[in-house]
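Same chain, two partners: subunit A is paired with subunit B first, then with subunit C.
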Partner chain A sequence: MTFAITFIAPSDPAEMMYFSRDVVPTKEMIEQAREEMGLNDPLLIQYGRWLTGIARGDLGYSYSLRTNVSEILPQKIEKTVYLACFSIVILFVVSFALGVIAAMCKNRVIDHIIKILSMLSISIPSFWLGLILMYYFVVQLQLFKITDSDHASSIVLPALTLAIPLIGRYTMQIRAEVLDELGCNYVLGARTRGIKEFRIIWSHVIPNTLINIITLFGMTIAFLLGGTAIVEVIFSWPGLGSMALDAINQRDYVLLQAYVLLMAFIYVGMNFIVDVITQLIDPRVNIFGGCKHNE
Partner chain B sequence: MSKHLTVIITTALAASIVLISLIAPFIAPNDPYKTDFKSVLAEPNDEYPLGTDQVGRCILSRILYGANVSLSITFALLSLVFVSGVTIGIVSGMKGGIVDDILMRLADIVLAFPDIVLVIAIVGVMGSSVSNMIIGLSLVWWTKYARLTRVSVMKAKGNIYVSAARMAGASDLKLITHYILPNIATALIVQLVLDISGMLLAISSMSFLGLGVQPPTPEWGNMLNEGRSYFQTAPWLLTYPGLAIFITVAVFNLLGDGVREILSREQA
Partner chain C sequence: MKYFLIVLVIFSVGISGCVLNNSDSSDENVLNMAIFWLDNDVDPINGWNGWTLTRCGIGENLVQMDENMILRPSIADSYEIVDEYTTVFHIRDGVTFHNGNSVDATACKASIERALEKTDRFDVKFPVESITADGQNLIIKTSEPSGTLLNKLADTVFIIVDVSEADEEDFKYKPICTGTFKIEEFNADKGMVLSKHKGHWLGNTNVDVVNVKYIQDASARAMALQAKEIDLATQLSKHELELFEDNEDFIVQKGPNLRVFLLRLNFEKPYMKELAFRQALSYGMDKETYAFKLVDGTPAKGPINELLSFGYKGEDYYQYNPRKANELLDELGYLDTDGDGVRECNGKNIVLEYISRTNHGADANNIGIAMQQQYKEIGIGMKVSQMENYADLASSGNFDMLWERWTPAPTGDCQYFIESGYITNAAGNYGKYSNATLDAINSELNSTLNKNDRDALGLKATELVMEDVASLFIYYQEGNIVTSKKVEGVERFISEVYYVDDRVRLVDA
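Right, the complex of A and B next:
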């Protein structure tokens, strides 16, 4: 699939390589370059070469950056993973806090406020949010630096931008789950035994809601990964997403291929991890297709 | 009752947004393409209610025309993926066997990639333009409806009335149009309404990244992208197009939620 991308591409890689070096190529030069890059071989042979390359960890040579793709990828991955992890932490902390508060104050003013806020957060386009945050915190208040991605505080805004559109969805889900659990008999039992409300929620209700939230997380990974591309472009964050966009502008399909392949790997891998975690938390779920035992 | 009220209000709001987008040419104060170099990056004033952009075009007019562009692409794309997805889903669910296998494996391949990433890749390779964006988005989105339809069809197929109709000699086509589709339509339509805002966001995100609607055609996403470089001096370049997306998406989100709640309650 990823390989197919280079073939639907309208322009010739060999030609583009010369253009990227500001040389207008002649017919012979292109022909020679095609020969060197193995582009004159039949499709299947090229595909086979590409597959074995991947198996050996070789993703090809990026002519816009003039290095091997596998050399620059690790640092880009690090940046993107760092950003994603940071926003996942924000996401879970904030939405659990809001969701539990909303559930405890069901139908009171604070519940309605949280409901409206999460509705708004779902609707906000992340690219606009990023720009607005940048305007207020960087231009007006000068709280954060965003030009320097190594600076510790520079991650706050991109991570927030990535997290906020998801926080609404999670908050509502957590609120619903917590309310479900609060209606269970064991909560009533705990209450009659005189256990404090906070303790009931912390040690009984939250662990029980976790499993559904993790399933929800599995479904939002795609959103998160796609979102990194947009957020990285806004904040000039030197991760995989902005690399891919640069690759598109440079017509560097090798690099773009690497990006798509990597994202697919991360995506499938994360989904698998989520499945495994789900099973670890709740042994009733069998990911290997066995029958599901209900209580 | 209050749920019905919310749906009525949001439907009215959504309808008025659509209406505004349709009559944009008549209510826009200025020509959205006309540049006015005497008032470049002007703050909101009498002539230009929401200010002007970097080449002196009226922001309000561009937003109004942009509504037309954004919404028509959204609805066109949604109908395209809805019809094709549902058709594929029905074929897959009714036929089963090898046809089902092939179609669903195709969907699996698409689903192995995070959706925006795949669209970015497809458009990036084929070149940035509206038609390529539409191709990219529809290649990814049909899977959603195909899978939903397939599951619903398979569920509906197991009902006794379907077997009864089949025994009475109904053809496949008749089974689908008379017995199965009416039963699964609710779920599909709810999904469709819920997806309006998502599609709108996807289109403006792509345009924002420079991979969708190309300037000078006004579209909310690419207006934001163009205004990005000036946001320190002229924040109104960003505020208003962003607000337009935000409000529209919020209205359609509320509409989707309301419709879902009412229809799911009626079914229960």
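Right, the complex of A and C next:
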């Protein structure tokens, strides 16, 4: 489907390749480029060639980057996975802590403060947050560098920029889940048996809450692995998002198709991983169908 | 928010505290500079990739344009134009490639031939009869009179490289050139690390290492300057520039560069064939407001910046004057007979299609919207569209105004913009403009070798396209370069093809 959509999309990729580089092509140059890119063949032949290539592990040749796609993707994925994992750790730790605290302190001052902060974080645009973080932590406090992406600390600001707007959303979600659980009979029973509140939360409420939250986090990881172009541009962080954006602008369909394929794998893979984790956490769930009955 | 900041600070200190120890303990003089554009490789024969080589002092040509767009010898220490077909260059003694190989006429011949054979830049090719190497003399004979040979050889496509290494795997990432600095590391995502070419024929710089950092975002470049991570940055926005203009730690150089933004008109539309109509369009737009308020540029009078010898230096032919525009349209008989506020041509409302491409950005769209409002005052309707299939529309002629950006004289010669965009059937002449006088000037330029004569013809062509309103010229881009006080010897080149060269020095080194 992606292949067909890119095929019928307006603009000639050969022409766009030159335009994107501010080169005014002659008709001969365009024709030669079309021939080299295999664009003169019918859709089915192009698609068949692409499928055969994929089966052999050949993702094609990127005309905008003038190199094999299979060489580009691993470099970009590495940076994106690193950033996504770091962001998700921040997101998980902070939003769980805040969500649980807010639920335990329902309708008290701390709960209201967390709710207000959550609303603020949801409302902050990423590009603005990125620039503000950069200004305070790089220019004013000089704790980080903008230009040193190999340095271990260079991950912090882009990861925070990605995580903060999501933290508000997840904090509210976790607060609601924890409040639901706190209203359950087993919590009341545990309290009447004199079990400490901390143990009830830690050993019973949080594991039960996790089942619903894990699915949400799984999809967020997939979203972050798709790349976030704005953050990547601001922090000069060369990941999948800015690569995909450039591929669209330059009509580099080969690169774009490889990206879509990769994203499909990531989403399917994340769904599977989430299902497995859910079953590990909650044995009542059976990802292979059917259900287990508690005796 | 305060709570958040405390968490962030603790987190940041925790992470950075143990790893941040960036003091440069080496005795080497290190220059840190930012570039805003870097392609996937730096082989000069590919597109405009050679600009990275010249901007960072890596590549040199036989002859080059200086900061004022005046041709000067470089690898060739002299040249002689024998006749309209033949030019003889004398290659400077003592020039070496980054790998230590000496540069002679044979090496230059191989480099030029490789560029002519392999480049995708059609505009810089020239018809070769023969290229002969004789010791340090390089003789180039063209099969047709070629008045632009020197200018074309000054284009970055013709940066002299050591062709004996061109088949190496990493040549496109580390081409062997002759400039002040050579590439040690290349990473298309991050930038480059350069070291001093100790065998450079001038050898003036005291900079040992250049860290070239690729930072796309202008705000990030400005902050990197403020944080003293870099010593040199270009292409900052007007607001960011204000941070450095009254700051004694920085030197700001700015002014219009060669890039012009224009609207190509479609001469196949019946109303566009009328000179008075095109004049009315020109009178009807307030270029000064667009340039100063919307895009931080300089209003354009014509295709060529007046800083160039063939740029028009007088008053703008058609300054904003809606009353005059209305008079011209009335005289043409394009009246609003149905009272809907839009004039008609052959019984149909005149609603112009204004097209720009998505990656032309918000400026193109904003100017279109401003024009749309101002054209209402003269009874002309306008539909402003920004789209992806720009190339299709350009080819099909389904437009009235096409937003374009041009570097009309990348090598300091007037013929490129005429030949590529305005002569009859030129590759970039999507509006089908045709003017026999302009075509004749272009033919005359082919056989005109004298610089002053070429400039005179270029000025004549410039005035012609302005007077004839071949396009609506909107604004020239404002170029800028900001350096920290510790850097000396950096000039702002009008062409922006060069940032640093052998003159760059670190003051307190």
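One rule holds for everything that comes next: the second predicted complex is superposed on the first by the 232 of 295 C-alpha atoms of A that agree within 3 Å, B and C clash if a C-alpha of one lies under 4 Å from a C-alpha of the other, contacts with A are read in each partner's own complex, and residues count from 1 in each chain.
Here is the rule we go by: a contact is a pair of C-beta atoms (placed from the backbone, for glycine too) under 8 Å apart; a residue touches a chain by one contact, two chains touch by 3 or more.
Remember, it's a predicted structure, so these values are computed and weren't measured experimentally.
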| item | value |
| --- | --- |
| Touched subunit A residues, subunit B compared with subunit C | C |
| Partner chain in contact with A:V94 - subunit B first, subunit C second, else both or neither | second |
| Contacts of A:N185 with subunit B and subunit C, given as first, second, both or neither | neither |
| Touched partner set for A:V139, first subunit B, second subunit C, both or neither | both |
| Touching partner for A:N107 - first (subunit B), second (subunit C), both, neither | neither |
| First (subunit B), second (subunit C), both or neither touched by A:Q75 | second |
| First (subunit B), second (subunit C), both or neither touched by A:I124 | first |
| Partner chain(s) touched by A:V260 [first = subunit B, second = subunit C, both, neither] | first |
| Touching partner for A:F235 - first (subunit B), second (subunit C), both, neither | second |
| Touching both subunit B and subunit C, residues of subunit A | 9-10, 120, 131, 134-135, 139, 233-234 |
| Residues of subunit C that touch subunit A when the two form their complex | 1, 3-4, 7-9, 11-13, 15-16, 19-20, 22, 32, 34, 39-41, 46-48, 120-123, 172, 188-190, 211, 213-217, 219-220, 223-224, 226-227, 229-230, 357-359, 387-392, 405, 407, 420-421, 427-428 |
| Interfacial residue positions of subunit A with respect to subunit B in the complex | 1-2, 5-6, 8-10, 119-120, 122-128, 131-132, 134-135, 139, 221-223, 225-227, 229-230, 233-234, 244-245, 247-248, 253, 256, 259-260, 263-264, 267-268 |
| Touching residues on subunit B, where the partner in the complex is subunit A | 109, 112-118, 120-122, 124-128, 197, 201, 204-205, 208-209, 211, 221, 224, 228, 231-232, 235, 238-239, 241-242, 245-246, 249-250, 253-254 |
| List of subunit A residues in touch with subunit C within their complex | 9-12, 15-16, 18-26, 29, 64-67, 75, 79, 90, 94, 113, 117, 120-121, 131, 133-135, 137-139, 141-153, 156, 160, 164, 233-236, 238, 249 |
